[in-house]
Amino acid sequence: MTAVLTVDGLHVDFPLPGDVVHAVRGVDLEVRPGEVLALVGESGSGKSVTAASILGLLPGTARITAGSIRFEGNELVGLPEKRLNVFRGAGIGMIFQDPVTSLDPSFTIGSQLGDTARLHLRVSRDEAREVGRTWLDRVGITDPERVLRSYPHELSGGMRQRVMIALAGLSGPKLLIADEPTTALDATVQKQILDLLLDLTGETGTAVLLITHDFGVVSHTSSRVAVMREGAIVEVGETAQVLGAPEHPYTRTLIDSVPEIGQRHSAGGQERRLLSAAAHTARVHLSSETDSPRPSPSPRPSPSPRSGRSPRPGGSAGLGDSTGPNVLASPAAGRPILEISRVSKDFTVGGLGTGRHKATLRAVDDVTLSVRRGEIFGLIGESGSGKSTLARLAGGLLPRTAGKINFDGTDVAAAGRELRRRFQYVFQDATTALNPRIKVGDQIARPLLRLGKATGRRQAAELTGRALDLVGLSAGYADRYPREFSGGQRQRVSIARAIALEPDLLILDEPTSALDVSTQATILNLLLDLKDELDLTYLFIGHNLAVIEFVCDRIGVMHQGSLIETFSADELFAADRQPATRALLDAVLPIGAPTTTKG
Amino acid sequence: MTAVIAPPRLRRSAVARFVRNREALLGLVVLVVVIGISVLAPWLAPHDPNAGDPESVLLPTGSAGHLLGTDDQGRDVLSRLLYGGRGALVVATVSVAAALVIGTLLGLTGAFAGRRTSGVLMRVIDLLFAFPVILVALSLAAIVQPGPGVLIGTVVFGAVPYVTRIVYAEAKIERGKDYVEAARSLGASEPAILLTEVLPNLVSSVVIYGTSLVGINIVFTASLSALGLGIQPPNPDWGRMLAEGAKVLVTGSPGVATFPAVAILLVALAFNWLGDGLRDVLNP
Amino acid sequence: ADSTPRDGGTLIVGQYQEVTQFDPNRQYSWETWRIDRNIYETLVNEDLTSPTGVPKIVPGLATSWTVSPDATTYTFTLRQGVKFTDGTPFDAAAVQFNVRRFTDPAFEYYDKVSAATMSLVYADLKSFDVVDANTVKYTFKHPFLDYLRQIPNSGNAASGIFSPEALKKYGQDGLADHPTGTGPFTFQERVRGDHTTLVRNTDYWGQRPHLDKVIFKPIGDDQSRVAALRSGAVDLISRVPPDSVASLEKAGYAVPENKNVPQIIYYNFNYTNKYLQNKKVRQAIIQAVDRKTLAEKIYKGYAEAATSIINQGNEAYDASAVDYPYDPEAAKKLIAEAGYQPGQISFTILSDTTGQPTAEYIQQQLKAVGIEASVQSFEWITYGTRSANLKPEDGLNLGEWGYVAPNWVKISHNYSVGIRDGDKYSDTSADTLKAIDTAAYNPDPAKSTELWQAAAQTWATDATVFPLLSFNRYYAVSERVGGFVWPQQDHYDLAQVWVAD
Amino acid sequence: MTRQILWRLVNLVPLLFVISLLVFFISQAGPADPIKDVLSQKMSAEQIEQIRQAYGLDQTAWSQYLHWLRDMFTNGGGISLSVRSPVSGIVYPAFLNTLILGAATTVVTVVLGVLIGFAAGIRHGRPADRAAMLFVQIGSNLPIYWFGLIIIWLTAVRWNWLPAGGMHDLRGDGGFGDLLLHLIAPAFAASLVSMLIVARFVRAAVIESAQSDYIRTYRSQGFGRAAILGKHIGRNILPPIVNTTGLTVGSVITGVVFVETIFSWPGLGSVLLNAIAGSDYPVIQSGILLVAVVFVVVNLITDVLLDLLNPRLRHA
């Protein structure tokens, strides 16, 4: 079968004065009609750059130094913008990794969808709106009318991501490039989206190049998978084949790093750690001068095939040889460090100049919750249920409409500097949470100095380097500006910035959503290490239930702004879970046998 | 941890970025040359810039001994041109720099302070706007001796409200951004947020505005001098030379005004170019 | 222009200043009077039809007059049948109303401002009498030979007669906006900063002026004014910048020359400045400056050096009078005698931008004899304020004035020296004051010139004023305009002017 | 938002009051005395004193101020001290003329500035960009004294295309076409100064916007260059346009003094300059208050528009 897309020996460089970043070094890819090709790989390995090359959307500084990209037999490399436009949208659709900045802040979602619909479907204004509505529906947005009238900043991370998908899908492309399209989505919606993608391939023969980190997604959706590392494809094959019997050691490491539901229990009595490619990395005391690396769990020498594993508790292959002290340091022990009582948050939308009536939207509704010292509290819930808003409120970053929030006995709204240091926050969207005009090294170092964690520039630089190292970035990255990073790298910078401060309470809003599983494992292990050493407390928001279950001690579930239940992580699968929780659990995608096999 | 793509070893230095920008370099060269000329004027100038000769009034450009001709007092235009940049450069740069600093601080404060403080501050700025610079200038002149100080004060007073509003408008947009929230959650005090987080994002605007102002203000100070507030005759000053030369601009001696006009233009352009370069450096 | 006069048409005049106000008793500035005198008439007039010679006094609103032998009493027979443009009659009562407005504090319509302004001429008025409906009599405390000259002559203290009814109707302040006189032209409108329009008075008692309409437009900037003339927007401009004379003439504009205009530019000394309190220093300043070169080179010959306070064009003008001749060596010596080292004396010369070349020239000349002067130059408007509020470090400031009448010597002495306390700083000033009084109170016309010249010469030895120069070019006229004459006076007569189609 | 606007308008009152107080006392503090100007040099001290009394200038500053305040409400700003004419008749027409010139200048500035900035921005880094920016850079740094005269000489004297100054042809009918003709040169000359600023800001915004992720999204959907530029980049560069436009109005109103002089425009500039020089505080007061109202309103409109244009700020 002739491929829709053929990428041959693609090289992409970012020339900088005195140096060149070789972001892509000889990628060969082939996407066939109607197939889903999953592209997995290390964070920063060049997936997004490859994807952007295809449509000629590389940043201005990038250069394609070699290679060819052919779409339906047409060479795209070197094509002028005008000619490329023939293929863009209707030929090749693109879902960008970063839904926050990829939507036009000045236009409503309805307008952006409508414009695209009118351009490609040649429909009237009203029809275009209808098309937009239908598509929002298709991507699982429950109140499309409101979303149509909203501006991007008024939507949750997951909602924006779905809007991006709708935008790209709308024009019915022959090839859809989806760069981590479901990272911000809860399991239910993720499943819905993936099924939508599969429908598209089925119905219209759309081919999909799916960049993802989630092996559940890979196995659920793709027929073939390509593994990328350091700018090149290291392995390519049938999904079942690659997942079941990976050839390349890196692929193997990746697969081994995948957390699975129920893993927590299999760790039974051992220190709770994930296997990761970086498992050799010494665990480091961030600030201690003594810097004594502790023994770390050794990686499993030869990973066993993991196909066919059940996502249920007590699944077969565990991480038996993960070693370490007891996992379940009794969470009930600690005093509450964060107390949220009866908190609500209303947003005002509409009003003068927006063309719609002023209204309030209750994003958080009467939530009461307390997080105890030393525990990891997981917050889950469908996209748009108010998790991020609650987290922002907890951090005192948003004024609240009602209720009280105390951190260690003090109202967060009045938090002083000392409190700030003890209380950190990793934002859901790393791109916007980093200052675009400041080198990331400075962004990490400044708070250290400011909050007295480092006594001088030197020490701050040292700690910065170490923090970057811990999240899998070398200290050399300190000199870069945020936009010179890949999505996952930015997220890690954001984490590094928070943990470098060794706060007492760390609020993590989907901290690993953009990370490949191996890096994710590194990060999660790191978080666990830090917690053990420094007795930290985490409020951990996530969509990946395997991760949540593995990492957290207690879990709260949000639904439409309310906290509907909290329970110990052990009881995630208990029978008396609320229906909303159940729905999330049911939608978890197992890795292993792909549910559909195409090709 | 596996090695990621090696980060670039040699970081692009600010200097490298600056030098790469050809316009910026040209701007710098022009400024250096002009400053050099101004400093070396006593050695370069063929004549005493203030010594007139009633016998050779308004000699045309290219006259023997007076390459660029003479003015209506018979003074050598070239010599005056060489000296005339001193005041202009100092006044324009110092006052613009001061206005930028003050205006930026005020604008940032206006954008970030609470509703009430911000309201009061911005209304005060409205007030300054409405206040004619000329009135201030005349009042100043009444109290102190005219001279560069008065000029600088006046220009600063005139420019601050503009800078403030530019910065205010942009800072208000920045205020809503997540990185500001992030900084706050990282314990940055409000002043620190303004100066170390938000300011770098405004550098582009501030530099654009600042460098645009330099040229405008060289000319503006000339007008103030004509009101009796600035550099006093016979001392050569481009702005003054221009105003005086305008009298004979269309009556056969265009050079007297045109040479200083070109000098002002050149310096202004150099500042513009330099500003663009500076912006690239500060704002890659 | 056409050599044959033609009736009708509009003349547009470009003036160098915005006019002050159209109230004859409150107005000041020459440009204002150049407009005002077409609206308001005076009892006697000057014949301004000849470019040379002291203008003859001719009947105006008075048909004839008699002067008492001691020159204290002036009796005028008023012209009959004249009406103000508001229709009210001009008669002795109207004249009385006018005079009482600025002389009689008991009068209902007495106006302090007018009184202050008009005192320049009427300070010594003893009484005013209405002899009969057509005869009025002015009696002065002292002989006042120059009174007739002062009547039609003025930038300040104009004796133009306004309609009493208009004043009553519009109020003291309102007259300026509703000027009502008997003149050949009537006021139509004034758009401040833009223009003033006069239209021909169709009921005028005298000869019909050629023009139907005159528009005066202030154009403050010298170059813009010249450009306006050259683009045809205006037909006549005043105060031609010397630098533009040659190019205007080349382009076909008439820039008449007149070396007898009663106008002089001079410097006042500031007596609060400690250096200038010394007569030797003042004398040194005068001797340090070569006024001839100033006029010939800096002003390119479009000005005449003035070496006496009696301006050219004055009845008592004496071209040979020189206060102190140019002699830098003598100046240096004087400074040394005064006890100063070279460079020790320093002060500021205040100047408007037009006078700046002069100031800078003088600055250089002073430097050559060891006096450090700095020049501070202002826009005309600011200059006025600044020079009215002198600081001790100020040294010289410009004056521009001049009269045909020789009692100018007294006036200028009063304003340049008298009210500035300058008399204290000259050992010879008692003589000067005496000589001026003698000339001023002299009733004998035959001795007048001689006495005034003597007074001026005595004054010159005080070195309390510093005459500089007079312009000999002032107006420029487009080819469209015919009949324009620059007489020996600071204004011109529009009645003789016509414009081509 | 509506409340905020109303609040700002209410605030105008105290603001104007403060301005009037400041202006009054600054003009009092100056050396100038309304009587002691040109006229006074030809008057004795007693005469001056007499006039001072007549004008009420012998009273305390406060009572003078209160007088003025009363006049403001009952008497259209009172009577000018130096020319003894109602202030309204002096200030309002001049103000109107300045507004006309100011509006024309603003239009020219913004239209040309935006066009040039936009054209340069979309050709970022290319020769056309350099050329366009050089053009405005030169334009805005041409000293107005020099350039204004050259414009007049070329257009009015040499080629006879345009009038040499003023607001209308004194021989003509003073119609609208005539006014437009007279506006061309001064509006163009006055616009040059701010044009650079507008153009540079627009250019920077275009460049930044063009590199943004959301524009990349539009490009990925195959939107044509024109659509992207016109609608989306156009929309996202509106804030700097609005902001610099607001500022342009400001600089134009205060900056026209010099343009007014050169082009003999009968505006507020020379009226104020005269009044300031002569401490004619009723005129200064009224003039400055009018200007202040313009500024406050323009700044208010700017602020409101900026907030409206930025969805994030609408409820902030």
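In this document, chain identifiers A, B, C and D correspond to the written order of the chains, with residue numbering beginning at 1 in each.
Methods note: a contact is a pair of C-beta atoms (placed from the backbone, for glycine too) under 8 Å apart; a residue touches a chain by one contact, two chains touch by 3 or more.
Given the structure is predicted, the values throughout are model-derived calculations rather than measurements.
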Chain pair with the higher count of C-beta pairs in contact (A-D, C-D): C-D
Separation of chain C from chain D, taking each centre as the mean of its C-alpha atoms, in whole Å: 38
Inter-chain centre distance, chain A versus chain D - centres from mean C-alpha coordinates, in Å: 52
Chain centre separation (chain B, chain C; CA means) in Å: 45
Interchain centroid distance [CA atoms averaged], chain A/chain B, Å: 48
Per-residue overlap in chain B, given as positions that touch at least 2 other chains: 138, 176, 243, 246, 249-250
Junction residues of chain C, two or more chains touched: 223, 227, 379, 382, 386
Multi-chain contact sites of chain D, meaning residues that touch two or more partners: 31-32, 149, 153, 157, 273, 277, 310, 312
Contacting chain pairs - touch in the sense defined above: A-B, A-D, B-C, B-D, C-D
Contact footprint of chain D on chain A as seen in their complex: 55, 57, 59-60, 81-82, 85-91, 93-94, 96, 98, 101-107, 115-116, 119-120, 151, 153-154, 164, 167-168, 171, 347-349, 351-354
Interface residues, chain C side, partner chain D - complex: 10, 12, 18, 20-21, 23, 26, 28-29, 111-113, 115-117, 119-120, 156, 172-173, 176-177, 191-195, 215, 217-221, 223-224, 227-228, 230-234, 379, 381-382, 384-389, 399, 401, 414-415, 419
Residues on chain D engaged by chain C in the complex (per definition of touch): 31-33, 36-45, 47-48, 50-51, 53-55, 79, 83-86, 89-90, 93-94, 97, 149, 152-153, 156-157, 160, 163-167, 169-171, 261-264, 266-267, 270-271, 273-274, 277-279
In the complex with chain B, residue positions of chain A that touch it: 16-23, 42, 44-46, 153, 229-231, 250, 277-278, 281, 392, 395-397, 417, 420-421, 423-425, 427, 429, 432-438, 446-447, 450-451, 469, 472-474, 476-477, 479-481, 489, 497, 501, 518, 522
Complex interface listing, chain B residues touching chain D: 23, 119, 122-123, 125-127, 129-136, 138-139, 142, 158, 161-162, 165-166, 169-170, 172-173, 175-176, 204-205, 208-209, 212, 215-216, 219, 222-223, 239, 242-243, 245-246, 249-250, 257-258, 261, 264-265, 268-269, 272
